[in-house]
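Structures for review follow.
Common to both upcoming complexes is subunit A, partnered first by subunit B, then by subunit C.
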Partner chain A sequence: MKLRNVWIIWAKETKIAFASFAAYAAFTCFLFVSGYLFWAIVYSLAMNSSNPFGMSDVDVMQFVFRSLVQNLTLILLFLTPLFTMRLFSEEKRTRTIELLFSYPISDLDLMLGKFFGAITLMAFIVLPTLLYPLFLQLKHLAQIQWPVIFVQYLGMFLMGGLYISVGTWISSLNENTGTSFVITLGVLLMLWMLSWGINRFSTIKIAKILHQFSILIHFVNFSKGVLSIPDLSFYLLFIFFFQFLTYQVLQSRVWQGAKE
Partner chain B sequence: MIEVRELTKSFGAVQAVSKLSFTIKDGEILGFLGPNGAGKTTTMRILAGIIPPTSGRAIVAGMDVIKEPMEVKRKIGYLPEQVPLYPELTVMEYLDFVASIWKCGKKDRDLVIEQCGLESVSNALITRLSRGYRQRVGLAQALIHNPDVLILDEPTVGLDPKQIREIRDLIKSFSRKKTVILSTHILPEVSMTCQKVVIIHKGEIAAEGSPESLGKSIQNAPQVEVEIKGPQESIVKVLSGLQGILKVNVLSQPSDETQTFILETQETDVRNEIASTVINNHWSLLTLKTREMSFEDVYLKILTKEESA
Partner chain C sequence: MRFSRSFKEGAGSWFNIVLVLGICILIQYFISLHPKQWDLTKNKIFSLSGLSKKVLSSLHHRLNLWAFISPHDQSLEELIHEYRAASSEIRVHFVNPNSEPLTARKFGITSPPPVVAVKYQNNPPTLITQPDESRITNAINLLITGKKRVVYFLDEPGAPNPNSSGSTGYSQVIQAMTHENFVVRNLVLYKEKAIPKNASCVIEADPHYPFFSIEKKELLSYFHKGGRILFFIGFRTSPKNVNFLKSFGIEAGKNLVIDADPNVRLLGAGPGILVANHYGQSPITRPFEKTNTPSFLVLPLARNLLPSMSLPSAMKVSPLVSTSTFGQAFPLHFQGKKVQVTFKKPILSGKIPVAMTVQLPNLKNKKLPGRVVVIGSGSFADNQWIQDYANQDFVLNIVSWLSQSPNTLAIPPKNNQGQPLILDRVSAAQLLLLVFIILPGFGIAFGFSNWIRRRSL
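What follows is the complex of A and B.
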């Protein structure tokens, strides 16, 4: 791996992503939806609060930002396939990938450059929502516990990284961006809903295993602002696994028909 | 410069290239000729280090393509067919990206922009460019790191005659400075630009040599074309009787009793005898010339020979 090459691919990916209208459209939609969501949550809390002096700080951290982060993570699930669908599918369709393969860039550099390019795009969309806690703080409406916000956003980025990793792999498998989008969305929704049919205390073995693979259950601690190492490792392993699969897909051109 | 030995590539049961061997000397332009699906692109992808061969070796600039792929890539400029580019970038942005990969400076970038005649479009988005300009951008990205070897997969497909000529002249200008492999199925391209030709068919070499020598090798006997005004039957009879003529073919039979014959002859030049024979018989001699096989004839003959074999 050469950091320089990762950087070059990253720069190219970012340049192309921001050259298209899609990035700004997603940015705008996400801000609108999250802004409305934030207002709705704060408003309903203020209306229903038992505290005559308004919201307590515990309420704000545990109720407002917890549900905001959970909802944004779900919205992100629908947006991410839009970015990942073209990562490899488009390069395969237009055959620009042939040229990349002819350059002295390893498959690993290529894959990492693309992964971090997509993470950058996600950061561009997600980070402006940090204005909401900042707003509460500046208006003296609540005392914001920034470490909690940090962990919540870290969780959102890990979840986003997982979406991107799955999407990248699916994108590397075919050259139709539409197909990549639909399959990625389907897989991510399945992962999201995995825990819905499972009773936490079920004695059935398969239920226990599925429970362990639920991306939603591992998110609970993050959404509360609690950093747990097992959950962190779960997301990192998940991301690593799908990046590994993507790498194997890229390498397949090397071992296909390499030996008789 | 390039040496290919017993190169074989199979995808599952399909053998795309089988036991291909040829060499290209420094500064030579090699025309890689064959019908669609003959294995041209596969061979070029192997040489460019994109996929490894199933067996056999390919040596570029003294280095093995399989053992030192990264080093070999530095020596090669590759232009795949259909010129893949990023439509969202401008020409300048795109060439900057390629230059950064090769660790080239602005100087190299500006040099290829000039070399490929891209000055006027350097700030235009690639999506707005005509096919001819896209082809030039494709060539520019292959040239930017000043490689010794150029691998061009069908560089003139889809261009208009003027653009074809421009690209061809550009390629010709590399002659002796760079080693070029150029695949095509346009025949005049080969006879105009290449010093050497390799014709492949179904993954195997069907013929190789210079465009002229290929013509000679395939033509088993020199042919003479003669246009005579006179009675056909007796002309055929008399001409067949001449020494040195193997066969008389009647080519056309237009009005006025004017007929064209193709005479297959032995090595000796028989034009003198034909002329005096015609005059002695009081026919009119309208045309008399030796007939060279066009490159197209050679190509088709090679392919059909392969087909029937």
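What follows is the complex of A and C.
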């Protein structure tokens, strides 16, 4: 792996992403919806605070930002397939992938460059929401605990990274961007809903095991502001595994169709 | 048999995928066996207290913890996870008692959820009703140290036999106390002449016949030396014994207390059955403040209590349970063994206390001060009434509070650092501007400039 090659691919991906109108549309939609959510949560808390029978001493970090990041990860679930659908599918459809393979760039460099390119796009969309806690602090409306915000956003980035790694793998399997989008969305929704029907109270053993693979359960600690090593390792290993799958798909062109 | 290169490479690729998946699962499994976490909240609201961590650090064997909680009880589930994260010796099992009633029955659970059961080494499981950090940690501490809290039921002539399983016996509450790791023994005080030194507390349930002078002397001396006593006082309690309560700073009225609150009457109890859910500020009733816990008490034939007129200044008497403001007390007339109530005119009305706590000032030798709890209902905890509403939890809370010793770990409730959020008109307008105009506006502006730039190429 050469970092310079990764950088080149990353620069290319970022340039393409920011040249397309889709990135700005996603940016605008995401910030509009997240802004509405933030406003609704803050407004309901403010209404409660001024109500003598309401919750007067609610922890802002938990009430506002915990629910906000939980909702933002769901919105990201719908947006991320838009970033990842064209990573490899578009290259395959336009046959530019052959050109990429002809460059002195390894499959690993290519995969990592594209992965970090998508992460950069996600960061471009997500990071402006940090202005919400900053606003509350500057206006002296709440005491913001920045370490908690850091952990919550770390969790959100890991969750986003997980979405992107799944999307990258699915994109590497398809030539059609539409198909990549639908399959990625379906797989991510399945992973999201894994904890709905089953929980740790389930009497069925397989359900208890499946529960350990729920991407939602591992997000709970991050959303609270608790940095937990098992949760951190879950996301990192999940990302690593799907990146490995993508690498295997890229490598398969070497031996697919070979007779001897 | 010869395989093509494609087949070999393909099989190798699949093998690699399965191998990497296996390694990932193994790594995650080993990491989750020794979970480590950092609570970055200001007041460490998602961490156990230092005392709890200290207790858990002395665990040298596997401790199994069963949480019989509703799947919606998120705060308790998080607390249980904090225990799991604090020690690798703790194994947690979540059980929904509604979907697994047999498991709950196996543990002898009769209280509504939440209940936590802890098992350490060869000890039978200890049940913790209304669990919070303080209760769970103290239960674990007792299991580790092997110390037992011994409760003595005073066995008096004429009083119901504590071990009887009949409606006037106390076998059910004794069983519940045993499940909570108490050792319950009977004591015939006039024979033994002294309360054993290992007594955590003494229970005197509805004594029908007057105490002997030696019993009175011993009970008073025990109290002033830091002893703990729970009295149940009913209609049939000997008037001399009721009079004896004045030595503890409590007087019991000769009346029947009812609550005319229409909300309480909706529960369907007759006039002789007082249903109460108004509590004083006490650690005994603090768990009832949680909204998901049933907090009604059923006090059959309750009589009112009040601080004694000749109360020694050092004693602190506090109401524990009262009626609502609709409470009324009607006079009782004793005619031999018969008791009559006249419902013409109440002699008391308003908030009437029916259970009280008495506490002596702190002792100098680091021992905890004497404590007394009096409940103005003789049959409150007998087999007929103990399972009604929160009666059993209430008695267990009282016995836990009375049994506190200098070794009991005082774990304060977590400070959630709440603060009101006051959004004035200017701030609200600025917030609206930021979230709906400025931030999304940047996206539109960047997109538009990009579109113009691309058109000009």
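Rule of thumb we're sticking to: the second predicted complex is superposed on the first by the 246 of 260 C-alpha atoms of A that agree within 3 Å, B and C clash if a C-alpha of one lies under 4 Å from a C-alpha of the other, contacts with A are read in each partner's own complex, and residues count from 1 in each chain.
Throughout what follows, a residue touches a chain if its C-beta (ideal position, glycine included) is under 8 Å from a C-beta of that chain, and two chains touch if they have at least 3 such contacts.
As the structure is a computational prediction, the values presented were derived from the model and not from experiment.
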Answer with first, second, both or neither: which of subunit B and subunit C does A:Gln137 touch in the superposed model? neither
Where does A:Tyr36 make contact in the superposed view: on subunit B (first), on subunit C (second), on both, or on neither? second
Which partner does A:Val254 reach: the first (subunit B), the second (subunit C), both, or neither? both
Just checking: does A:Ala46 make contact with subunit B only, subunit C only, both, or neither of them? Give me first, second, both or neither. second
Looking only at subunit A, is it subunit B or subunit C that touches more of its residues? C
Of the partners subunit B and subunit C, which touch A:Ser228 in the superposed model: first, second, both, neither? second
Under the stated touch criterion, which partner chain does A:Ala19 make contact with: subunit B (first), subunit C (second), both, or neither? both
If we overlay the two complexes on their shared chain A, which of subunit B and subunit C does A:Pro104 touch? Say first, second, both or neither. first
Across the two complexes, what residues of subunit A are contacted by subunit B and by subunit C? 19, 254, 256-260
Which positions of subunit A touch subunit C when the two form their complex? 18-19, 21, 23-25, 27-28, 31-32, 34-36, 38-39, 42-43, 45-46, 49-50, 55-62, 128, 131-132, 135, 139, 141-143, 145, 147-148, 150-151, 199-201, 203, 212, 221, 224-230, 233-234, 237-238, 240-241, 244-245, 248, 251-252, 254-260
Note which residues of subunit B are touching subunit A in the complex, please. 9-12, 45, 48-52, 54-55, 70, 73-74, 76, 78, 80, 82, 84-89, 93, 97-98, 100-102, 141
Touching residues (chain side subunit C, partner subunit A) in the complex: 4-6, 8-10, 13, 16-17, 20-21, 24, 27-28, 31-32, 35-42, 45-46, 71, 78, 85, 94-96, 99-100, 416-423, 427-428, 430-432, 434-436, 439-440, 442-444, 446-447, 450-451, 454
How about subunit A: which of its residues touch subunit B in the complex? 5, 8, 11-12, 15-16, 19-20, 94-99, 101-105, 253-254, 256-260
